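Before I ask anything, let me first share the structure, which is written out below as structure tokens.
In this document, chain identifiers A, B, C, D, E and F correspond to the written order of the chains, with residue numbering beginning at 1 in each.
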Amino acid sequence: MRQSKPQLIINGKRIDGREPQDLRQIKMEVGILKNADGSALVEIGGTKVLAAVYGPREVVPRHQEQVDRAIIRCRYRMLSFSTLGERKSPAPTRREIELSKVIREALEPAILSTQFPRAAIDVFVEVINAEGGTRTAGITAASLALADAGIPMLDLVAAVAVGKIDGVIVLDLNEVEDMYGEADMPVAAMPSLKRVTMLQLNGVLTPDEFKKAFALALEGINKIYQFQKEVLRKKYVEVEE
Amino acid sequence: MSSTPEIPIIPKIKLDTILNVVTKGFHIDKRPLLNYRNIEVVKNVAPNADSSVLVKLGHTQILVGIKVDVGQPFPDNPEEGVLIVNAEYIPAASPSFEPGPPDENAIELARVIDRSLRESKAIALDRLLIIPGKKTWIIWLDIYVLDHDGNLVDAAMIGSMLALAQLKIPYFEVDQVTGSIKIDKSRYTGSLSINRYVATVTVYKVGDVLLVDPTAEEEAIASASISISVSEEGNIVGMQKRGMGFFTEKEIEQAIDISLHKGKELIELMKRFSS
Amino acid sequence: MRQSKPQLIINGKRIDGREPQDLRQIKMEVGILKNADGSALVEIGGTKVLAAVYGPREVVPRHQEQVDRAIIRCRYRMLSFSTLGERKSPAPTRREIELSKVIREALEPAILSTQFPRAAIDVFVEVINAEGGTRTAGITAASLALADAGIPMLDLVAAVAVGKIDGVIVLDLNEVEDMYGEADMPVAAMPSLKRVTMLQLNGVLTPDEFKKAFALALEGINKIYQFQKEVLRKKYVEVEE
Amino acid sequence: MSSTPEIPIIPKIKLDTILNVVTKGFHIDKRPLLNYRNIEVVKNVAPNADSSVLVKLGHTQILVGIKVDVGQPFPDNPEEGVLIVNAEYIPAASPSFEPGPPDENAIELARVIDRSLRESKAIALDRLLIIPGKKTWIIWLDIYVLDHDGNLVDAAMIGSMLALAQLKIPYFEVDQVTGSIKIDKSRYTGSLSINRYVATVTVYKVGDVLLVDPTAEEEAIASASISISVSEEGNIVGMQKRGMGFFTEKEIEQAIDISLHKGKELIELMKRFSS
Amino acid sequence: MRQSKPQLIINGKRIDGREPQDLRQIKMEVGILKNADGSALVEIGGTKVLAAVYGPREVVPRHQEQVDRAIIRCRYRMLSFSTLGERKSPAPTRREIELSKVIREALEPAILSTQFPRAAIDVFVEVINAEGGTRTAGITAASLALADAGIPMLDLVAAVAVGKIDGVIVLDLNEVEDMYGEADMPVAAMPSLKRVTMLQLNGVLTPDEFKKAFALALEGINKIYQFQKEVLRKKYVEVEE
Amino acid sequence: MSSTPEIPIIPKIKLDTILNVVTKGFHIDKRPLLNYRNIEVVKNVAPNADSSVLVKLGHTQILVGIKVDVGQPFPDNPEEGVLIVNAEYIPAASPSFEPGPPDENAIELARVIDRSLRESKAIALDRLLIIPGKKTWIIWLDIYVLDHDGNLVDAAMIGSMLALAQLKIPYFEVDQVTGSIKIDKSRYTGSLSINRYVATVTVYKVGDVLLVDPTAEEEAIASASISISVSEEGNIVGMQKRGMGFFTEKEIEQAIDISLHKGKELIELMKRFSS
């Protein structure tokens, strides 16, 4: 049963002690699976998402292949025990079906898919623990896994949500802020190219609030992008040594 | 799995023609880029529904019907009534639609409409409650795409708002002893309360140009689109970027401006149709 | 809850004022959809049915194609809000599966399918409002949509139900007569060739009652056939002008 | 989607042979056109069922089994018990049957049997009621086609009628306080009341000839068929034209005559098997 | 509702009067279906199982075929009225899916599948009446149906369960013994080659009990094997005459 | 339909290498044939689960999570709590796994684990009962294969046992009037009672050699395997032969000996991880 709304901003701070413009703690790992061509684990606050990439590989069934490009296939999914409350049934929900599309479309503009005609690039996003921001963590992780798999990209894609809670525009909503806030706006971009590849709004914003929130999101995306590059650089150096 | 869709092959010459016309500031049917096609509305097309509206936006035809029913409120939201939005692209509507359960496009359309109505509090869901936590009216809103000639989301939102505005809540009695609800659909308790009108304006990017209300041919060559829902107070109450392309930051800002402006027009139109 | 049976014939008239041998009011339109190759809307009384035809077109999946003829594929379906009572779930019911077959088999004998080997002709029947006689209205509409799509046919197919209510043989049952009557017998035929392509009986008839009902159905079918020809002629003339 | 079925390719020479024999007034196994093959019945083949019958019609084998259970009557028919008929063509029965849920042919067969039993009031559904509007016996009648050598509907109706005729209703007690029902399947309350026997006679059209009870080979070249259910009083209690061909008005009348005549024979046979 | 456990061994005898090492009464028939390439009906006590075989035949869908062998496809299924208690829903249960695999794998080692590259051999096992031992009866019947279809095999496969009830190791559990016993161990083997092709244990056995039970199972399998050979010989002779 | 799986094509030369090494008594990674790879365990990887464990067995990774819930006991077992085991091979785990509902391999794995836990009475299901016959704790144990490098069943059993050993039962109150249960997951009633530890040891047959814990490459050339579950008392509490090959009687006996021996080691290891 939904509790009555808690106060989300106290003395200018958020319930987990952050300032409005702070990200939660981030941890990223790449190459964590043996079989997948690329893989990554992204943790942001209590949210933990695994992404794995296979490809470019043959398209099965064959009739799905496209003569001039690789198709991207994407599945976002929450493990049955990843959420608070009841066990989630393994049947795909409408939300999971929508987010699989949204994540795919956030990645499409970055992938040089015309380099692999008739191939498939498969992206699997598995939510291990959900405490807000699983789709954005999923995009961030998928982008790392694509890089880990050696798929050529124009740029990495990084993502984060912004929102409005108790009237304040904040970065990187956690679960409670998402549930009781006034607006949740996940954004994905290719930071060095300044291209927005995903933008959703769930909630109400005035045009001015939107501008402020959008700018904050792009800032946050930049920070996440630095993390991504760092973890890839580290991995690359490790391999080199 | 969501999979890169097959793009209809458009002959190079036709593609060039469309791009050429669009770049000059017009749709291929000669409208300015930011003008909608003619909008027609037919009410009560399915009398067995509790409300129904056929919307024609150019050649695009969308049928929205509502059934109401008594049921339980969601356990995580016991103080509100229930609105369930579904959408289906019927195979009659386009040679590329196949029979079967709604695909990701239909699901996304329904969810975009649903979120925009819900977050904007467009309808008074709290007034649908019959017995708090136990019994409520459930509104089943079903969107059928009958003929697809582009810009389905905007048309679907017009149909959804108008069907809701027309909806009458049946007469009912609560049995004080058993708590069971007796419904009499031949009489009405009253209309559904509309708190505010909401319009969705989808801005499409064709080449480097932004436009609204494309035909299916134009839509097929758009690289991306963004559906922006706006309320009659001029707030943004929902957004969804779609498609395999991207927007620049500046394009996003332009799209917001367009949607606030055009949304106002659509809301005025809806109000006219409703009265 | 089923009400107790109302009296269906009062002073020789039916509850909607018709004589036993009367059709309900009929309205037909063709070419109402842009994308479909052929389309039609048929209204008979409160029943409203849309039919759309695509084809001849390529068969997907390919292995379904037949080397010597076009396959006919047909789906009859009721929209979720088309019936009285509760919302209908979109999952196909056994009734819808049966009627899809029955309607296909009512149309098959009329279509010159051998003219299009390896092709498919797809017929979609969507019930918008159901007040009795949706399958027969569906056949009538599908036949018009096939003609509108330019599919060569031996003859149009027209259909109507007859039945027995309060012991009287009547034409074109409405919803209430269907629900409380003693027999419902939908019939389809190619009128100018006098070929019966659909015949079902749901209820009990003596052999003599059957004969009377069958003759009445064929009469009704002829009237509907005249409507069909009229609407096609009108459309054709409009296009000509 | 219902789709034109693939017709098994029959070598021209065989087809000519069959047509030739049929035109001379005989089945390929030398029976006159209006004679049924030998009918065998084995009762209680599945002792765990509440009733079961194996019907052999020539090489066609159909197994019908019944399970009874206590449940709620249909809300739109609170004064009657519930009969649910399902049919399945098991993949063992023919090289052309595939595993999976019942296809349109199996569904149609089940619904034709169901309607004929229901409309004719062949069984006393009203006597299955335990507590009006609340509790009733539910009869699950399952038809399995084990071996398909033609004329499945007629054989399925024989099996269904005989399984119903054999069915015994278990002993039960209603708990007066809780209203719950205690069933004891080791004892019986009595037999199901059969109001009347019903037979289904399917008349097939091969070339211009009408015949009954074809083998699978003959059935494959029939252009159409009509299943006509008749009651022991000589009434018509159900009809269903099937197949891609047509009947002339005269052929329909002939088919009715054949079915009334042959139905009487089948009903007598069923009564003999039942006693 | 599960009754309290009955006594399963009384004065050394089982509830149906058998000694621990006794099989129930067995009846086997082959060639009982016209259409199937091979078929068999096996009854053991109150359990009655039908098996049918089609093949070697073309693989549909084609992509499932294997270039160097025939694929074996197997479905085990209980008819809706075959069990005590409620009607079984026709949707395949997890148990049926598992047993389809177990039965296939019990048959695979016996079938000379490399003789038929790119073909399929389909085995359908239908439980008509279930009173314990349906999977083992199914294997025994399927093996006969394969022989009846003329599929070349290294040996027949015969199967039976052993178990432990009231502390006693017994052969061929019936329904009640299966339900209330301490262990149920179905075993399948190619008797003349002494190869074990199926072995499951549901329950608890000490290592010594296992040895005893395993030996008893192999004895039982041998008896069933003699029945199998006898029924095939009889059929063969009948055909010869 | 269960269908002969496609065997990955292994180049002849690699196959010979593996067989050669195995025949000499070693795994390709140089372990003796009866040694397990390194086992790592990470606890509480999914804090939203009521218990979760990640097991790494060499490169094989399996994530087991548990959710508990209050529900009804099974009608045929009213005196015990409910354990429901599911397994899924996620498509990330191997190029040969496809998205979709669990296939026969995943279902078999879940059922082997389930039976071994149930028949051995490894956990005190009877102590999960809240109101006999009416309310009980339901344990949903979900096994996800994240990375498949062989020997999934043994790893899944380790993960399942350790997740169960870690599970805490939430605090709850029974409303004496309505009988409804109020759960408070922020507090705990206590741990789940583990009656005994159980390990599953799968013995694989490669050529004529028996071994345990193969890598995926080795597993691909095994003709058959037998999963043997053993309890800490040294009893056999479950068996399942898998694969398209066979075992001789003697091999079965050897496999039993191996599993009793290695099972003891695994159980000791689990106990160490648990404490």
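Keep in mind that, in the parts below, a residue touches a chain if its C-beta (ideal position, glycine included) is under 8 Å from a C-beta of that chain, and two chains touch if they have at least 3 such contacts.
By chain, UniProt protein names: A, C, E = Exosome complex component Rrp41.
These figures come from a predicted structure and were not determined experimentally.
Traced through touching neighbours, the fewest hops from chain B to chain F number 2.
A repeat of the A-F interface exists among A-B, C-D or B-C. It is B-C, with more than half of its contact pairs matching by residue number. Distance from the centre of chain E peaks at B, each centre being the average of the chain's Cα atoms. The most distant chain from chain D is A, comparing centres defined as mean Cα coordinates. Averaged C-alpha coordinates give centres for chain B and chain D that are 48 Å from one another. Distance between chain centres (mean CA atoms), chain D to chain E: 32 Å. Per-chain CA centroids place chain C at a distance of 57 Å from chain F. Residue positions of chain D with contacts to 2 or more other chains are 1, 99. Residues of chain C found to touch two or more other chains are 75, 122.
Put simply, chain F touches chain E in their complex at residues 1-4, 6, 75-78, 104-105, 107-108, 110-111, 115, 119-120, 226, 231, 234-249, 252-253, 256, 260. Of all residues in chain F, those touching chain A in their complex are 45-50, 52, 59, 61, 63, 65-67, 69, 86, 88, 90-95, 99, 101-102, 140, 142, 144, 146-149, 216. Interface residues of chain E facing chain D in the complex, by the touch rule stated above, are 33-36, 39, 46, 48, 50, 52, 54, 57, 75, 79-84, 86-87, 90-91, 122, 124, 126, 128-131. Across the complex, chain A meets chain B through its residues 1-2, 64, 66, 69, 71-75, 94-95, 97-98, 100-105, 108-109, 113, 122, 183, 185, 190, 194-207, 210-211, 214, 218.
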